[in-house]
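Per-chain residue numbering starts at 1, and chain names A, B, C and D are given in the order in which the chains are listed.
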Amino acid sequence: MQSIQELLERIHTELSPRFGDGKVASYIPELSKVSPEKFAMAIALPNGEVFTCGQSEEAFSIQSISKVFSLTLALGKVGEKVWARVGKEPSGSAFNSIVQLEHEKGIPRNPFINAGAIVIADLIANGHEPSEAIGEILQFIRFLASDENIHIDKSVAASETAHGHRNAALAEFMASFGNLNLPSDKVRGVYFHQCAIAMNCRQLAKAGLFLANGGRVPGSDNRVVTSQRARRIIALMLTCGHYDGSGEFAFRVGIPGKSGVGGGILAVSPGKGSVAVWSPGLNSVGNSLLGTEALELLSKYTDWSIFYE
Amino acid sequence: MQSIQELLERIHTELSPRFGDGKVASYIPELSKVSPEKFAMAIALPNGEVFTCGQSEEAFSIQSISKVFSLTLALGKVGEKVWARVGKEPSGSAFNSIVQLEHEKGIPRNPFINAGAIVIADLIANGHEPSEAIGEILQFIRFLASDENIHIDKSVAASETAHGHRNAALAEFMASFGNLNLPSDKVRGVYFHQCAIAMNCRQLAKAGLFLANGGRVPGSDNRVVTSQRARRIIALMLTCGHYDGSGEFAFRVGIPGKSGVGGGILAVSPGKGSVAVWSPGLNSVGNSLLGTEALELLSKYTDWSIFYE
Amino acid sequence: MQSIQELLERIHTELSPRFGDGKVASYIPELSKVSPEKFAMAIALPNGEVFTCGQSEEAFSIQSISKVFSLTLALGKVGEKVWARVGKEPSGSAFNSIVQLEHEKGIPRNPFINAGAIVIADLIANGHEPSEAIGEILQFIRFLASDENIHIDKSVAASETAHGHRNAALAEFMASFGNLNLPSDKVRGVYFHQCAIAMNCRQLAKAGLFLANGGRVPGSDNRVVTSQRARRIIALMLTCGHYDGSGEFAFRVGIPGKSGVGGGILAVSPGKGSVAVWSPGLNSVGNSLLGTEALELLSKYTDWSIFYE
Amino acid sequence: MQSIQELLERIHTELSPRFGDGKVASYIPELSKVSPEKFAMAIALPNGEVFTCGQSEEAFSIQSISKVFSLTLALGKVGEKVWARVGKEPSGSAFNSIVQLEHEKGIPRNPFINAGAIVIADLIANGHEPSEAIGEILQFIRFLASDENIHIDKSVAASETAHGHRNAALAEFMASFGNLNLPSDKVRGVYFHQCAIAMNCRQLAKAGLFLANGGRVPGSDNRVVTSQRARRIIALMLTCGHYDGSGEFAFRVGIPGKSGVGGGILAVSPGKGSVAVWSPGLNSVGNSLLGTEALELLSKYTDWSIFYE
């Protein structure tokens, strides 16, 4: 049996001829500046060990991966009341679709599509100023990763704000159904800043490890969430974590994950460990193309699939 | 630690005050005749042992649970080519919706909604007579359950045929996009008969055990499917097995399952075992109300959730 | 002021360089065999005079234009009860869309989309054999045109039947909501045969003249329908007569009309007269390209627009 | 034959037992304060005569009726280029639906639904300050009515702004597709103020008379628009003027009109005259209930229906 480090290198080697595949996100100028050739991967184990390959110390925009952390934070603040304002079902449509919001009276399908994450940001802000909520989310992620050196990329946040009409539409639409407390520009402020958090794969794998570890901080008995809540969050990652490619990801990879348009994916295998992968080129539904393939190889070479007998 | 038998009796006792809850399916007269008070549960272990409680020897109409077996059969016949004609994504809508079929040019979202199962029936028939395909499906299920005493309920099949306009519409609609080989009435013949198969919980748990057992026939090294294929089938069960309640089921129960409007659910926990539960009253999205609760209790009292660390 | 005959010749001359423009319908083989170069136009006046140009004695498949006559017949048979089973609103979508049928519980938006016309055919049949209803529709059109020499093109009817999966889907879908009395194959038999009626422009202009003439048979005081009913039928033609191009047609032409995929359009200007035009090439929403332009020129050179002051 | 004045009084008398029927708009508090018992009607003839009944000197909020005037103004400014940014087809859905905007890439179906009118407001503003555009629209309406005593109801405008999330969503959504030049809050400023214009029936009938008069200012040869443009505007009123009740209105009334949620309707019969009616109670699709009935009676007692032979 190979070591984790050998496994990472095997995956890196197998995929290296294809580095640059996929289409880098271009809806905001800042994201399109990233080199498509980048590739990094990190695996964190419950014992605290972290293994890496590629540009694993280089920070990238985590974008929608932040939704996992903000959901966890919101559940900690208001508990299961979260589910009165956001659903738990796969959306069956694109990440920024507004159609289902109309059919379902302003209740987003799940917390991992944009509309759902905006509601979660509103829950965290709880009527206070955006800067407080942003600070709270950032501090939470730093705590999870045990790393103070995690920051918001200001130029990405500014770029999101300048090109955020679609998210503004989602926010105003939900406000029209009474499903938003903060004014829409303020809640978008929270949302855009959480998406603009920059992390490297090492930090991201560490930050997500509690979900693979029954809700416990790695190497301690301190709990971030209960074991049941950890299970529920990763269940949502499995069914809703990759937009309209969630079914395909579960089918091919079988490890709960959440992707971001920055090309990152955070995946967690309960009891086994957490994985962060980064490759900026996206597939047709907006998930990292090689990031998905890397996780498929991980699933093939290990027993980390949750569907493994 | 309690035994499996004690676990079943505990669940039975906890739910017994609520027997009769939910709404029995009434879209075909035959189904509405079933007593809502029925409750049965069976658990099969990889070593071949089966434990039961309630009316576990009483047969009920498996309805959509048959889609798991027909998908397995179709994958065996044509392999991954199945996915050219049916998708792998949760539908985000009701089990018999025709809306998405129009947007997606006659390709059903997944094999577990009605439209998808009709395509699978067409694949199995492969242009031959309906009776052959029906016989093949029935034989396959008998083989999986090691039980020749499994039959098609003729009155249910006749009732489905007489009230099957919606499924006829789905079939004709797919035919208009060229996604059907058999004439629509013939393929519906296959589909209606597979839905009308009657099984009891003991038989159903045994028939589904190969999926919990890495694709192997319980107690032998003979394979029904490869381990990878078994994982993929149960991944689809998790993301798509409960219509528009699949996300909620994954969140609350965390065990891949497939429900039928007859009130049955087949669930499989990889490496642990398979469970069949039957309670005719349905919840608002068409899944067994107490069947879901029974599985939630099972998940609570054991480590069978695939999200368990 | 020019004569009607001069007007027709002017339009014919202006459009002749473009004969062949547009795309001939190909969804059934029989229609695709028609030469795209054909062009004919006929105008009938309330005094009974008929003027023509082009191949005005050559019969073509009237297709959806038949819906005007079947609606008139159904209103005569059951009166305003028609509107319990079909709406009066423009559809905002393609002629054969099934999406709105799902949202509106099996009630088609209007009698001029396919689903609506199928309901009208069912109303005419009133539970009797298709052949009776077909005969009734044909006799009604012969009576309106004062011409026994109008027939059903059997090869077109056969071709429709063989390629009619989409219409079968619409029929089965409505049946699932209880909005159909005849079995779906029988009602489709009526519908396909009425669409396969072949007429030339002279016959068609004469058959539609009662609608321009306050409901009266031209040259007599005999009424086909009351003046109010004639107004209502042509109001529906204006708002719904050209599928999802109805708004554009009202904007550019301003004369109530009904198009068919055979390339024909019947238009009526109340108090002025009726026009039939035929040019097989269709525009992007399925209406005759040059037929529409011919009517736009007619509107430009006369005061036949109903929006004319 | 009765005089116009007698006609108005006959309609007033027939409807008076039902004054108060329907449901007054309540989505903004200011509108809900209006007494449902109000009823007024005014008819203006091409010779400049105006006849009235009821509270015809009492101003009400014209709301969406303003869309007729803003469309006319925008056509005067940029001509047919308007149609690159807004369609001409009935929407087949509610006045504030966002669903079709997604399917049609940010191009509203027509200028009389909210999204379309917001684009028209953006065209009028042409990148300048909202106050200029608002002033221009107001001046245009005063000119058409020959009445300087027409004002914007500031409290209604403020109320619209405070409750305008749905319109904000529509604006942001179109901005995300590049179909808006002004920032969304500024264009909404224009839109909310034009909707808050208050007019009485006498003023409204006079302001709309040019559309019945081939585009000419009543009693002069000065043109507001060409005869062709007048015809095109009223064609749009017929097909799209009453939201998802446009087909029904054409069927029952047969006079091009535009309704507002303030309970007003402006209708124009080409060559005959213009009518303004006001009754605050709305029907299920958001059009004045008794206003529609009053116009149906007008159509019944006269030859003003455009479908009249």
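The rule we apply is simple: contacts are C-beta pairs under 8 Å (C-beta built on N, C-alpha and C of every residue); 3 or more make two chains touch, one makes a residue touch a chain.
This one's a predicted model, so the numbers in the text were calculated from it and none came from an experiment.
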Farthest-lying chain, centroid of Cα atoms versus that of chain B: D
Chain C-chain D separation of Cα centroids, rounded to whole Å: 32
Inter-chain centre distance, chain A versus chain C - centres from mean C-alpha coordinates, in Å: 55
Centre distance in Å when chain B and chain C are each reduced to the mean of their C-alpha atoms: 48
Contacts with 2+ other chains: residues of chain D: none
Overall pattern in which the protein chains touch one another (line/ring/star/complete/other): ring
Residues on chain C engaged by chain B in the complex (per definition of touch): 97-99, 101-102, 165-166, 168-173, 175-176, 184
Chain C contact footprint on chain D (complex, rising order): 87-93, 100, 109-110, 212-214, 227, 230-232, 234-236, 238-240, 244-248, 250-252, 254, 256, 270-271, 305-309
